[in-house]
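You will see chain A twice below: alongside chain B first, and alongside chain C after that.
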Partner chain A sequence: MTSTWITTRAWLLMLPLLIVMVAIIGWPLVDTVRLSFTDAKLVGTEGSFVGLDNYVKILSGSNFQRTLITTFWFAVLSVSAEMVIGVLAALLLNQQFYGRSILRALMILPWALPTVVNATLWRLIYNPEYGALNAMLMQFGLIDAYRSWLGEPGTALASLIVADCWKNFPLVALIALAALQAVPRDITAASMVDGAGAWSRFRFVIMPYLAGPLMVALVLRTIEAFKVFDIIWVMTRGGPANSTRTLSILVYQEAFSFQRAGSGASLALIVTLLVTVLAVAYAALIRKSAGVS
Partner chain B sequence: MSALELINVRKRYGAVETLKGIDLSLASGEFLVLLGPSGCGKSTLLNIIAGLAEATDGDVRIGDRSVTGVHPKDRDIAMVFQSYALYPNMSVARNIGFGLEMRNVPAAERTEAVQKAAKILQIENLLGRKPSELSGGQRQRVAIGRALVRDPQIFLFDEPLSNLDAKLRMEMRTELKRLHQMLGTTIVYVTHDQIEAMTLATRIAVMRDGQIEQLATPDEIYNRPATRYVAGFVGSPPMNMLDATVADGIAHIDGSLSGIPLPQALRENAASARDVIIGIRPESLTLASSEDAGLAIEAKVEVVELTGPELVVTSTIGSQRLTASLPPRSQIAVGASQRFNIDPSALHIFDKATGKRV
Partner chain C sequence: MERRSLTASVLVHLAALLLLVVILAPVVWLFVMSISSTPDLIAKPLHWWPGTVDLSRYGVLLSSVANSAGEAFVASLFNSIKVAGMATVAALMVAVPSAWAVSRTPSVGWSLYAVIATYMLPPVALAVPLYMTLAWAGLLNNVFGLALVYLTILAPFTTWLMKSGFDSIPREIESAATMDGARLDQILRLITLPLAAPVMATAALFAFLLAWDEFFYALLFTSDQRAKTLTVAIADLAGGRVSDYGLIATAGVLAALPPLIVGLFMQRALIAGLTSGGVKG
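For the complex of A and B:
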């Protein structure tokens, strides 16, 4: 009897929050699902029911496929670079040296900056006329004419990835650093006595402590990278020639630039589904690795 | 040949000098216990021997080779940590064999060595488990196995038993002793537990504030402590320290009416010292009947505690406290005055000013 009362009370206590959540998340979601089966425009027509038309068009169209591939590359490359740089930075900042605390504080800076500020900053760096990158490469003699890094389809995505890395590696580094500090000093000492060199020590002794937290960082960053919008929107708007158009940009263009609310909604739902699949897969992975250690 | 030699080893952390010049020479096969209170620098010294910390000054020689600047892995030492420091993700077998694995010992040879160590420590049935699936005592065995398998010149132990409960600690102590007798390796062992020190050591270095106060056999540490500090550190209940004045070969304990005539051997040494401390071990006191002659002191009994094997009697002489360990069935009246016989050969006299043995 007590336990049912406790359960009932728990539900009662959660009820206000549940109502709010249904109102701000549930209802829009349901409405988006409804929209996705119509040919509604953003303004004007309410649209009429078109069945799976929107979905079929999107999934069979080359636009979606190309965008998916762009998103995939953006996510894979930026996240793996962030993981590697983040772990290296954490290993460095875990050493004893003069000025370590200042460096630790400085490292967080890129991550603490608003994305829009970061994006604007990098636009300046990449600027084809007075950008710092061009100036630097010229001075080192690596290029013989200023280039438009964000204006050429061949370099735009890579340039974006660099900017995204710079912003997000501190998060990985922070998580890794916290994990490194949890490695017992005796364990490191024991591995030194046991004769493990730097690499073996990292691989066999330290990595097990890093794996769990890094997995969390990986999940967070991959999902975020898949949904990336702001940094690209500020720097390239998906151009040039759609070479940096990711899924979120495509959704935005479809729904707002082309005002096709119906197919925009179906596209948004497809992206949501993809991200959900990712999240579930990672959650399973995390649970598995947590069970092991 | 000495297995280990420390020459004027010093360590400072900033302005604080943690080790103030340690000199020590250890023959092969010795079991040296570094004994001292928390913070006296035992671990620091052990880490310097292991190469995990660097001495500010002085030299460490292992097997007649200076190892200053030599990496821990090349010092031919193995270390057992207080926290066991097992690698949590590896099986017991791999934990034990990890040192060999890192030294590129072939797998077959490694397995054989691990099996052998496991057999000695009776943990063969645990080899497939992870450290998290072991009890404290089993982890301790694995940690020892990890050192054993390497067959090093010197074993270093940093308070290896302090995380175990009392019963297990006693068992492991015996086990360690057996292991040392069987293998005959040189061991340096850190502890602040005097019983461990007394039972295990062939020699004890009693440390205080970064210095060695006395380096001697357990027997000598117990029976001829060089300083008041050493005397007070070893023995339980601790040695009675009574303020006294010596005049004409008679020691007058402050607060006591009668004097204790000092035995001849002590008389000469104590002649010059006036203010002294008389050290009497609680276990060297016995009950005296009133007609007994010989060395005796009178004290007022305050508390009587039966610990099981002995009766601990706390009494006072003036404002000074006197503790006696007596046989459990002794007849003692609380609140009454009681005479205790003293074995003259068990008297320790320390200079009050310097704390040194007289």
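For the complex of A and C:
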């Protein structure tokens, strides 16, 4: 068999996938670009070419800026909390204790719970009249009146972040645990003999093994957090007073609630651009970590 | 493992207990809510454990009496199974041949990275044209239309998983069969695909769950019982004026059961996939 034939055969086998990808991803993406330069409505009018109008309006508008900041805080706070708690949990799960294998197995539960169910569950927990959080804090004497955790702009975003963090830190923990188990025993033992304390042991002996996988987890989680929609939609729909409105929620409102397909499309492309920058960083990191190990 | 002092050991056990409570408490509470009577759930101070176990809501949701909460729930349950099932089968049909081709022909490997890159795309980037096209084709609020859209997520995902699956099957087995005069279709049918069956099953399972959990497209493209999936039905319950919190919790428990069971039993495969996929890309 000639190598040309093998290559041709490979392309033929890939043809169904490529056709599907072009039809349901490639073409819609191109069409989103086209729409972003028009004032098209979701239903009815085709719209006409308006140049960069949509982009100018969005980038100079306060809605977008405020939403970008909200998204930024959601991503930074939830991802960094997930990383810290995840690594701490992994260090713990790497110790010896009774029931360790059961606890390791249970770590999968929050992650396996569908996002919508997780959001619904926490919405019930935060319920202002009958929620478990209010009941618990009251019984411990930590608050003297029930609060509306998701109903007040001051606490809504923080409450969402807790719910998101609970679901996602176990994933970081499991990835970090897998990396910890790759640290050779004799290295940690040798560093103890050399008199390294717990912190320097973590920093100089264990961290080099954790860095690669954690970087990957960090970037993947950050991309996910920038795209966040489900958990916020189910818990607050972006409210109260738009205090939890993230970029994906804003695109939904613009394109589907207000049916402005044109400016919705340009907003979606701005989000896509942000995510792409993160994804490129991801690819660079993977190449780097592959080169190191 | 080095020896620890008693204090250290006690601290580790306390920390483990704390982690156990953090992980389990919300899940257990969801279940407790689903079996508590409404008076227990709205009592002040709250009853953390029901006086009497009330399983009636499971009966309500799984019954199909016309115009009941159960009818809507059962309809969305079947829609979820149909959509996730069709999307999974379609994804495997396009993913398996291309994953094999990429695995055996490294020179076309770059196309795989292009396919995987699309997995990072935010769904909002495709949502508007997909909506317009489905509307034009009369496939809005239709299980076939939604399954087609789910291919945007499942096809890259399954191709990625299957490619690493084929990578672990030595190509020497295939070349040996070629020397014995077997044709390509015979090799694939009799040797490669049977060897890849476990990976294919895993890929199918995860793809199914991915579609099962999906919410954004389902929210956009479905509007009533003919196509609404479970996630949309639950979001409706949670956001609506339903005053029976136990009923919402019950719907959540039922929707969460399949992925929780799969997660617990397939943990090893799951973590292997996460870590190898994460590191090798």
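Simple rule for what comes next: the second predicted complex is superposed on the first by the 267 of 293 C-alpha atoms of A that agree within 3 Å, B and C clash if a C-alpha of one lies under 4 Å from a C-alpha of the other, contacts with A are read in each partner's own complex, and residues count from 1 in each chain.
As a working rule, a contact is a pair of C-beta atoms (placed from the backbone, for glycine too) under 8 Å apart; a residue touches a chain by one contact, two chains touch by 3 or more.
As the structure is a computational prediction, the values presented were derived from the model and not from experiment.
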Checklist entry - Putting chain B and chain C onto chain A via the overlay, clash or fit? => result fit
Checklist entry - Of the partners chain B and chain C, which touch A:A189 in the superposed model: first, second, both, neither? => result both
Next on the checklist: Output check: A:L137 vs chain B and chain C. Expected answer is one of first, second, both, neither. What do you get?
Outcome noted: neither
Next on the checklist: For A:Q95 in the superposed arrangement: first (chain B), second (chain C), both or neither?
Outcome noted: second
Next on the checklist: Between chain B and chain C, whom does A:V117 touch in the aligned arrangement: first, second, both, or neither?
Outcome noted: second
Checklist entry - Does chain C touch more residues of chain A than chain B does, or is it the other way round? => result C
Item to check | Which superposed partner A:L59 touches (first chain B, second chain C, both, neither) | outcome: neither
Item to check | Which of chain B and chain C A:S200 touches, first, second, both or neither | outcome: first
Next on the checklist: Students often get this wrong, so check: with C-alpha centres, what angle lies at chain A between chain B and chain C, to the nearest 10 degrees?
Outcome noted: 80
Item to check | After fitting on chain A: smallest Cα gap, chain B-chain C, Å | outcome: 5
Item to check | Shared contact residues on chain A - chain B and chain C | outcome: 189, 192, 293
Checklist outcome for this item: chain C contacts chain A in the complex at 1-2, 4, 9, 12-13, 15-16, 19-20, 22-24, 26-27, 29-30, 33, 41-42, 44-46, 93-95, 97-98, 100-102, 104-105, 107-108, 111, 115, 117-118, 120-133, 135, 148-149, 151-152, 155-156, 159, 184, 212-213, 215-216, 219-220, 231, 234-235, 237-239, 245, 248-249, 251-252, 255-256, 259-260, 262-264, 267, 270-271, 274-275, 278-281
Checklist entry - In the complex formed with chain A, which residues of chain B make contact? => result 47, 50, 52, 71-73, 77-79, 81-85, 87-90, 98-99, 102-103, 146
Checklist entry - In the complex formed with chain B, which residues of chain A make contact? => result 184, 186-187, 189-197, 200, 204-205, 208, 293
Checklist entry - In their shared complex, at which residues does chain A touch chain C? => result 3, 6-7, 9-11, 13-14, 16-18, 20-21, 24-25, 27-29, 31-32, 35, 42-43, 89, 92-93, 95-100, 103, 105-117, 119-125, 127, 129-130, 132, 135-136, 138-139, 166, 170-171, 174-175, 178-179, 189, 192, 212-213, 216-217, 220, 223, 226-227, 229-230, 233-234, 237, 247-248, 251-252, 255-256, 261, 264-265, 267-269, 271-272, 275-276, 279, 282-283, 286, 289-290, 293
